[in-house]
Amino acid sequence: MTVGLIAMQLFSGLALGAILIMVALGLSIIFGMLGIVNFAHGALFMVGAYAGLYVASLTGSFWWGLLLAPLLIGAFGMLIERFLIRPLYGRSPDDPLLLTFGLGYVLVEAVRILFGTEGIPFSTPAELRGVVNLGFGVFPIYRLFVVGVVVAVLVLLWVGLEKTKFGLIVRAGAADPTIMRVLGVDIDRLWLVIFGIGVAITALGGVLAAPMRNINPEMGTLVLAEAFVVTVIGGMGSLGGAVVAGLLVGVAISMTSLFAPEMATIVMFALMAVILLVRPNGLYGRALPGQ
Amino acid sequence: MTAPILSVRDVGKQFGGLVALKGVTADFHAGQITAIIGPNGAGKSTFFNILSGALRPTTGTMRFQGADMAGVPQHQYVHRGIARSYQITNIFPHLTAHENVRVAAQAFRSRFDIWTDRARLAEVSEKAAATLAAVGLADKAGTLARNLAHGQQRALEIAIALVADPVLLLLDEPTAGMGPEETREMVGLIEKLASSRTILLVEHKMKMILGLSDRVLVLHHGELLADGTPAEIQANPEVRRVYLGQSDGYA
Amino acid sequence: MTRKTGLSAGRGVTRRTALAGIAGGIGTLAMPWVARAQNDTIRIGFPTPLTGPFAAEANDQVRSAQLAVKQFNDKGGIAGRQIELLVRDDKLNAGEAATRTLELIEKDKVHAVVGALSAAVQLAVNEVTRARKVLYVSISQSDSINEAKDGSRYTFHEALNPHMTTQVVAKHTFKQGAKVAHLVADYAYGHEMLRGFKRAGEEIGVETVAEVLHPFGAAEYSTFIPTILASGADVLCISNFGRDQANSIQQAVDFGVKEQMQIVVPVLLHNQRIAVEPDVFEGVVGGANYWWGLEESVPSAKTFNDAFRAMYDGALPTDYGAYGYTGVASLLMAMEAAGGTDTEAVVDALEALKYDIAKGEQRYRQCDHQSVQSVLVLKSKGAGDMKDEADLFEVVANEPASEEVLRSCAELGYTG
Amino acid sequence: MTITKAPTLPAAMAGDRFAPILAGLSRWRVPLSLLALCVLPWVLPSQALAVNVLIYGLVAVGYNLLFGYTGLLSFGHATFFGAGAYTTGMAISHFGANWFVAMVAGVFIAGLLALVMGALAIRTRGIYFAMVTLALSQLVYYTALQASSWTGGENGLRGFTVSQLDFPGFSVNLLDPVEKYYAIMVVVALALWFVSRILNSPFGAVIEAIRENETRARACGYNVERTKLVAFVLSGLLCGLAGTLSAMHLAIVPLDSLHYHTSGLMVMMTLLGGAGTFFGPFVGALAFLSMEDVFSLWTSHWQIIVGSIFIIFVLYLPRGIWGTLMALGRRP
């Protein structure tokens, strides 16, 4: 148990945290802004990975896949919102949760029909292969790249939400849609775009994770659990919360892996249970309406 | 003068930095109708929530029928004899009007009995039917609460509180959103109720309050501005300046 | 060879796999397996996980099993009775498998059951069959099914078990005094493989320097790899199954583990190898029950491959697919010897059976009905030295069938 | 999250053409469901499926007591189903207990777990309540995975096959599918009658009031937290009972019975059938399991059909199969 190993473990924990943030971001945006619990989040993550694979195989370049797949699946997400989610606004908050539960089934099976049931290779792009020596240990370049993309997406989101007019409308729309409707803002179109952005980010997560975890129709199920744990610990609807929670869970998993590696997944759920019992709305979550 | 059934000493409430209510002291005697008035944000609802146990006061004490209410859980208040209706209609939408009132009445008869058929609690059901009739909803017993008209829902709101046969009945803007005809009916009902119990109500309709209540409390910025008979309140210059506006007001 | 992006190098354009996927998918869509049970046909129940992560292996097993049935039907069946395979989807779920097996026994009145692809599922099927004295031939890896508390007169195990696989693989990869690290999936099957490797390691005299248990079905291994790299091991044994194997090896390679230590797996899974790029598995050594490359040295492998190619237009059987063939074929041979479907007679015939139908001499051991069979040790080829897309592995060794690699009957709880 | 779902309580509706039928339905709901159960094994493709419908129907009805009637969406009820099954199995295989004692122990342990999980979870509300129950139930799942010497870990629990139930004067052969079906049906029928009593009891009125409007229920003098906890434990006991029956039926306890996949299954069945109705969950279990059984024979891609049907129901028939039928019956 050298200091180098602990430092390495902490670093890989933070890197894992970045991946967990990426995985949870789409879910947190859609719930935070629209109050919708998206149980098809894992399936959309997987569909994103397949889209990245398909575009990369057509264009022959990983980078086109990374760029186009999120846009394609984001548009697909808008279709989902327009035809499946919009009729549910105003109804019981369970309905979107249950619809997306069924949607998850459909998406996974559709991919099985189109791409077959066994895993398909999607290798790390040549430029990002290999490891870099951090002094206290080696770390894959590709994972550093992923951390970089996550940071970029977070900065983009922060600037977009906090600094632009559109961001102001989005945040106000999330806070009180009725007043925004009165002020003449086309709420339906706004929610369409938000849902699209959430799904696009989820798909981006899929494309980024593909080289690390091989692509298969079932890769979404574990991601759904990870995303919920991070989103709930952070506090539903708080993007800042999701970032802190992602890093917290990442480090917790990596430190547990030093002493009791088999407990790595159990610690995720234990952390969520403890935090929810101490702070019933997560770290930064605002109270639910009617609380 | 008999001992007050409700006495409030230096009651105050703070939400973080915001002081919603400060230093309210008053005694309330049996059989009296007391109105609580004041501009929006004066602390009326906060005071009402404290009296009905929905909020814990930050400072001060509240004694009801001689007992200190500190630490009493909210669901015990109605069993001690304090019932309230709500400003925003707060009923059981998908239950029938009769069931709305019956379930409130049942709280005094049994709460954790998972065996006997509730239809067998005949007197609870009859009491609910009687209370529904008292508020004029006898013919609507079988209708789902959410299908009732606004005025009928307000009446149901009061029936749910009334069926508990409270000693102290707190009515939060009972005539909110009602037309003149319905308001007159509601005032008649309140007068009938007052014969056997103490009533506190929050209202904005001045003519109704001055005609109906024996006593008026005026709250302003969370403080008790005035406490007296309707006549004294109308004459009080401080109240006129703050609440009834400069010149005309109600002569 | 200029390396285009990893995607298309060495695998042909991936579009082809996508189109193949579509064709394959629509094929399964249109081919229902519903076969109402006629009265005199010999019915064999075949629970297998058509949905879920092992759907590919399940499909391979169904195709091989149907080959065995076709071969016997073409010969006029058994005692004039045609044979029928009743395939049911057990969704890789033990509860589902038990229900499907109950249906097969109670409604379809099957004469025997073959199948199941995970330890938990086969033990569930076994619990239902042995209580009702129905013959069951299990065709996937598990040690528990050999033990007395789970075994029964009507239970046969045609697959390799973790113990025999790890003994043979260790024999060809561990060197005396080598430092060995273990990355193990934390569930029954993982522990069985670890126990096998450590027992073999003691006999050969290696030093275990790290033992990392990872959660079953984990997708992230980055937090486990630093400990392994820090252990300075020469050999890393990765004992897990299915997608865990592909994910853990992929991420180990990302961290440059292969430069420092030889990666060894108890079972080199065909479908996991083709789920990643060739360079990921390059140099990894592992055990296997079957590899089509055996046809150069084993005549029965050649006949099996040719029959498979003929029936499935040039396709080749995979490791788990072969189990489907050897499991069903050995059962049918026993039925033929017993001249019918009387369970007691068929059990006796199976116990006495000597068969060589795909990979050399095989027979069922008396006490725990484990099929004593050869164990292959394979090494995964790099993209460079693959003759064509199917040329995945080279044969390092083909350990002949013998009981030494099996746990003794006494140790398994069979007395006398 | 308090669900302001339109419960289609079969309470008598004044002035509707079908009112007498609905009134009859509600008063005679238990004998009617008993009749339906008797016919089930001969209507469905196989007795094994029929027994599963019984067991999952009971699980859904037990779960609906909390979800449809009290308005609490829990994602951790697999814990009680699994605990009931595991305790029964372990009592027989490790302690050699007789089957009746083992089943009683199973229901008791499930109730105990429900008391602990309920006490912790009821401090939260809405989606957080669902997440706390999910997290706590996953902890139980991983504990069972680790304690493999007791639970058989990933291989599931085996070795407690009960082939015969002995009663004074007669005995039931569990290996015979028909005898097994009717033995389990008797237990399920008793449980249905018990649930019907609860829903008709004063307590039944209180939990519905809490579903409708928690704050007003508290103002009416009900201890909301304690009532929710009692409902949570009752629902846990019923799911535990279903778990013990599942152990007797399959003679194995798969680890999957504790996984949130099973919790999700309960939610789906209850909503497909119609939350907040008495028959709904049972109809949901019947529909879901039959669809799964039949479709999986046609194609290995049956999940796309089940998923699509579920989406259609949520969009156009939110009251579920039975709820919609009830609503049609009411509208003149």
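A, B, C and D are the chain letters, set down in written order, and residue numbers restart from 1 in every chain.
In the analysis below, a residue touches a chain if its C-beta (ideal position, glycine included) is under 8 Å from a C-beta of that chain, and two chains touch if they have at least 3 such contacts.
Predicted model, so just to flag it, every value in this text is computed and none were measured.
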Give me the set of chains touching chain B intersected with the set touching chain C. D
If I rank B-D and A-C by number of C-beta contact pairs, which comes first? A-C
Centroid of chain A to centroid of chain B, CA atoms only: how many Å? 49
Averaged over CA atoms, how far is the centre of chain B from the centre of chain D? Could you give it in whole Å? 42
Need the CA-centroid distance for the pair chain C / chain D, whole Å please. 37
Give the residues of chain D touching no fewer than two other chains, as numbers and ranges. 4-5, 146, 301, 303
On chain C, where are the residues touching two or more other chains? 25, 29, 51, 55, 186
Residues of chain A engaged with two or more neighbouring chains: 112-113, 262, 265-266
Chain contact graph: line, ring, star, complete or other? other
Which pairs of chains touch, using the document's own definition: A-C, A-D, B-D, C-D
Can you name the residues of chain D that touch chain C in the complex? 45-49, 52, 145-146, 148, 152-156, 158-159, 161, 163, 175, 177, 246, 250-252, 254-257, 296-303
Can you name the residues of chain A that touch chain C in the complex? 2, 4-5, 8-9, 12-13, 15-16, 19, 53-54, 56-58, 60-62, 112-126, 130-131, 137-140, 142-143, 212-214, 216, 218-219, 222-223, 253-254, 257-258, 261-266
Sites on chain C touched by chain D in the complex: 25, 28-29, 32-34, 50-51, 55, 88-89, 91, 93-95, 98-99, 102-103, 106-107, 119-120, 123-124, 127-128, 131-132, 142, 144, 149-150, 186-189, 191, 216
Would you mind writing out the residues of chain C in touch with chain A in their complex? 3-8, 11, 13-15, 17-18, 20-22, 24-26, 29, 51-53, 55-56, 59, 186, 212-215, 217-220, 222-227, 229-230, 243, 246-247, 250-251, 254-256, 271-272, 274-277, 279-280
Chain A partner, complex, touching residues on chain D are 1-5, 73, 120, 123-128, 131-132, 134-136, 138-139, 142, 146, 260, 264, 267-268, 271, 301, 303-304, 306-311, 314-315, 318
